[in-house]
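In this document, chain identifiers A, B and C correspond to the written order of the chains, with residue numbering beginning at 1 in each.
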Amino acid sequence: MKLIFKRKSKLKEIFFEKIFALCSYLSILTTVLIIYILATESFQFFKQIPITDFLFGTHWEPLLEPKSFGVLPLLFGTLLIVIGSALISIPLGLIIAIYLSQYASSKARRIIKPILEILAGIPTVVYGYFALTFITPIIRIIFPDAEIFNALSGSIVVGIMILPMVASLCDDALQAVPKSLKQGGYALGTTSFEVIKGILIPSAFSGIISSFVLAVSRAFGETMAVTLAAGATPRFTINPLESIQTMTAYIVQVSLGDTPQGGIEYQTIFAVAGLLFIVTLMMNLFSNYIMHKYREVYD
Amino acid sequence: MIKNNLKNRKKIDSIFKVASKIITWSSLVVLAVLLYHVSITGISKLSLDFLNNFPSRFPHKAGIKSALSGSIWMLTFVTLISVPIGVLSAIYLEEYSKKNRITRFVEINIANLAGVPSIVYGILGLAIFVRFFQLDRSVLAGSFTMSLLILPVIIISSREAIRAVPKSIRLGAYAVGATKYQTIRHHVIPIALPGILTGVILSMSRAIGETAPLIMIGALTYVAFVPETVMDPFTTLPIQVFNWASRPQAAFHEVAAAGIIILLIVLLFMNAIAIFLRNYSNKKYDF
Amino acid sequence: MILKTKNLNLFYGSTKAINNCNINIEKNKVTAIIGPSGCGKSTLLRSMNRMNDFIDSFSIKGEILFDEKNIYDSKIDATELRKSIGMVFQKPNPFPKSIYENIIWGPKINGFEGDKDKLVEESLKDAGLWDEVKNRLNDSALSLSGGQQQRLCIARAIAMKPNIILMDEPCSALDPKSTAIIETLIKKLRKNYTILIVTHNMQQAARVSDFTLFLYEGEVIEFGDTEHLFRNPKNKQTEDYITGRFG
């Protein structure tokens, strides 16, 4: 006795597969469009301003006469934020991850992990507000000559912002270290600290580095918090108490103003965004590369 | 000869343990400080009027009606656009695609898109949706822009949820003569659903809080009405907060704080749902 | 003769898993495939209903003939093939649905239009599970014990009324009592089905099978009547293996 079946339509199968494939290729279209738009508009810009003037000029004054288009002040402003926030988030994030993966009880983990997630989910504009109305006043008490908008406040708040990301990515990397390795260490009579230092961190090293790079890239592209807290004064400075302007904050400033479409001022945002895109892309690719390499080791 | 320095080593260990514990918990205090600071600044401005008023030149009259409705409009369309595309992409990448160069390229591409600064998406939206498709500064332009921004996040989290479905279930389905589509439709998706939803909700909360891309497409304008069609201009909660926070007057900072309270309540609510769903999915199908 | 391999070679990438295998599987008999782990037992079994198609690096040379037709022929649809050649896996893998749904899902998606309740009841009876579950058909399959789950998986395979059932170490995850029940069941099922069973347990092969195939490093070392093979192995390696000298 056999069951009698109706034949299935092969066409339907193929149709669905094609639709699904189409959706996933949309992401490539997105990348292509981003690159196309940034490239074409930047090309217009660089037809008028030599690329060396842009990359190595130390004066950024595209909106007022006499105009000058040296991106270094914006780049330095951005780097100030990036370095400051990295100094906060990287060591703290790693320590939190170590505590979570090594010392914390499962009960403590159950409390800390969601809090980190909530912190990571708070909109950047809220962090900007917090910097402006809470961190900056404290900074100005400690350093009375700090300006209302200053790089330090921006760095601190961006550091707080990316801290949860560093912590949870490092935690993932530490968790991925096989238990047997850890137990091998304990079997030799080592303490937890020695296992962390000698086994856990070296084994998870590329995962940890990859998370650092990702965090730095995130700080590089961060917009709202620095727009609110760090100011709108493109300055070629390394003094964190001064008002600066990041690349992202400049783009916001232009789009908030009445800059006419098609003019050179307007094209600057594409040139700046292009630079921003290239730098973050390199960091993301690098992070992805080391992450991928490390995955293979323990699979 | 082994030196007996265990006592000393144990001391270092316990110092480190205590130090890392203190650092961890005090970092978390930041959240408490932030919430406290925002609450005491904004609570006095919080009222039904605040929810029902449009933005105003006068801080005591300013409200978030247009911003709240704009956020809801945008979120609705972002969901409609990004969830189907994102989940279907994830299904394709996880279930259909062969492990070849093209797939690898698509994967790297998505991982990178997830790391592209949000303001770059704003520029993309400005050039494509606002200008090329002439959608202007409408709800639709904002929703498309935001959808592109959160698509990589949805794809990545959905893939994780799909990957967590035991392989044996798929094989069991194939063994009774199921096609790939039937296997996915009847088994993989239902089992992965809580995980997919968790990811979707978390990306939605990202969309609700994003500001920069919408500023780029020109959503920061004085909007004193509730959008009625997808082609209407709009404003959203975080944009309104940014607007108030960037004004010098302290009174507007209080209004901003009130706006933040509303924004955070919405986000907290979404996060709670996500956490609930995740715990639910962890408990079920554990084999 | 229901299933036959001709000069069959199976590969994972460039690694050969099965080398030049020529066997005939008799209809309505139980054939056991034994051998040390990694010898290619499961690979061989899974190639019989094209379950290896899901492994990207898998490739095949030679033929597997089912009813005299090469199942790797481009005209053969693997999905259609699996309706005739069912499979039971190492670990019970019921769908996270009700007991009833587990049985009827296969026939349903394949367009079965007969009496569903009857088919479910028959299949569960054939798998010796009916009396234990008849009052709780709508309970989740995951509420069953491991041994019951595996019998449910057998019932799920039976519901498709296949010609052949492939079993990949079906008892390796089960306790001795459940194993005994399933072994009895296998002997009973032989009446209506052809069964191929992979096992790492030689006693099990001796207990349930009519024919035994001994594989070692991808080579068929010996294939023949089970009783004969266990009593007078022709090959030294077979003898060493079944007497427990290696493996």
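Keep this in mind: a residue touches a chain if its C-beta (ideal position, glycine included) is under 8 Å from a C-beta of that chain, and two chains touch if they have at least 3 such contacts.
All of these numbers come straight from a predicted model, not from anything done at the bench.
S.K.: Please name the chain that ends up farthest from subunit B once chain centres are defined by their CA atoms averaged.
M.R.: C
S.K.: Would you identify the chain whose C-alpha centroid lies closest to the centroid of all protein C-alpha atoms displayed?
M.R.: B
S.K.: Provide the C-alpha centroid distance between subunit A and subunit B, rounded to the nearest whole angstrom.
M.R.: Subunit A and subunit B have C-alpha centres separated by 15 Å.
S.K.: Let me have the rounded angstrom distance from the C-alpha centre of subunit B over to the C-alpha centre of subunit C, please.
M.R.: 47
S.K.: Indicate the whole-number Å distance between the mean C-alpha point of subunit A and the mean C-alpha point of subunit C.
M.R.: 52
S.K.: So which bits of subunit B are touching at least two other chains?
M.R.: 179
S.K.: Send over the residues of subunit C in touch with two or more other chains.
M.R.: Expected reply: 79, 83, 110, 160.
S.K.: By the touch rule stated above, which residues of subunit A touch at least two different other chains?
M.R.: 8, in rising order.
S.K.: Going by the contact rule set out above, which residues of subunit A touch subunit B in the complex?
M.R.: Its residues touching subunit B are 8, 12-13, 16-17, 19-21, 23-28, 30-31, 33-34, 37-38, 41, 92, 95-96, 98-100, 103-104, 112, 114-119, 121-126, 128-130, 132-134, 160, 163, 189, 191-194, 196, 214, 217-218, 220-224, 227-228, 248, 251-252, 255-256, 269-270, 273, 276-277, 280-281, 283-285, 287-288.
S.K.: Along subunit B, where are the residues that touch subunit A in the complex?
M.R.: Residue positions touching the partner: 6, 9-10, 12-13, 16-17, 19-21, 23-24, 27-28, 30-31, 33-34, 37-38, 41, 84-86, 88-89, 91-93, 96-97, 105-106, 108-113, 115-124, 126-128, 148, 151-152, 155, 179-181, 202, 205-206, 208-212, 215-216, 218, 220, 238, 241-242, 245-246, 253, 256-257, 260, 263-264, 267-268, 271, 275.
S.K.: Could you list, by residue number, the parts of subunit C that touch subunit B in their complex?
M.R.: Touching subunit B: residues 49, 51, 54, 56, 79-80, 82-83, 86-89, 91, 93-96, 105-106, 109-110, 142, 153, 156-157, 159-160 of subunit C.
S.K.: Which part of subunit B faces subunit C closely enough to touch in the complex?
M.R.: Spelled out, the residues of subunit B in touch with subunit C are 98-99, 166, 168-179, 182, 186-187, 190-191, 284-285, 287.
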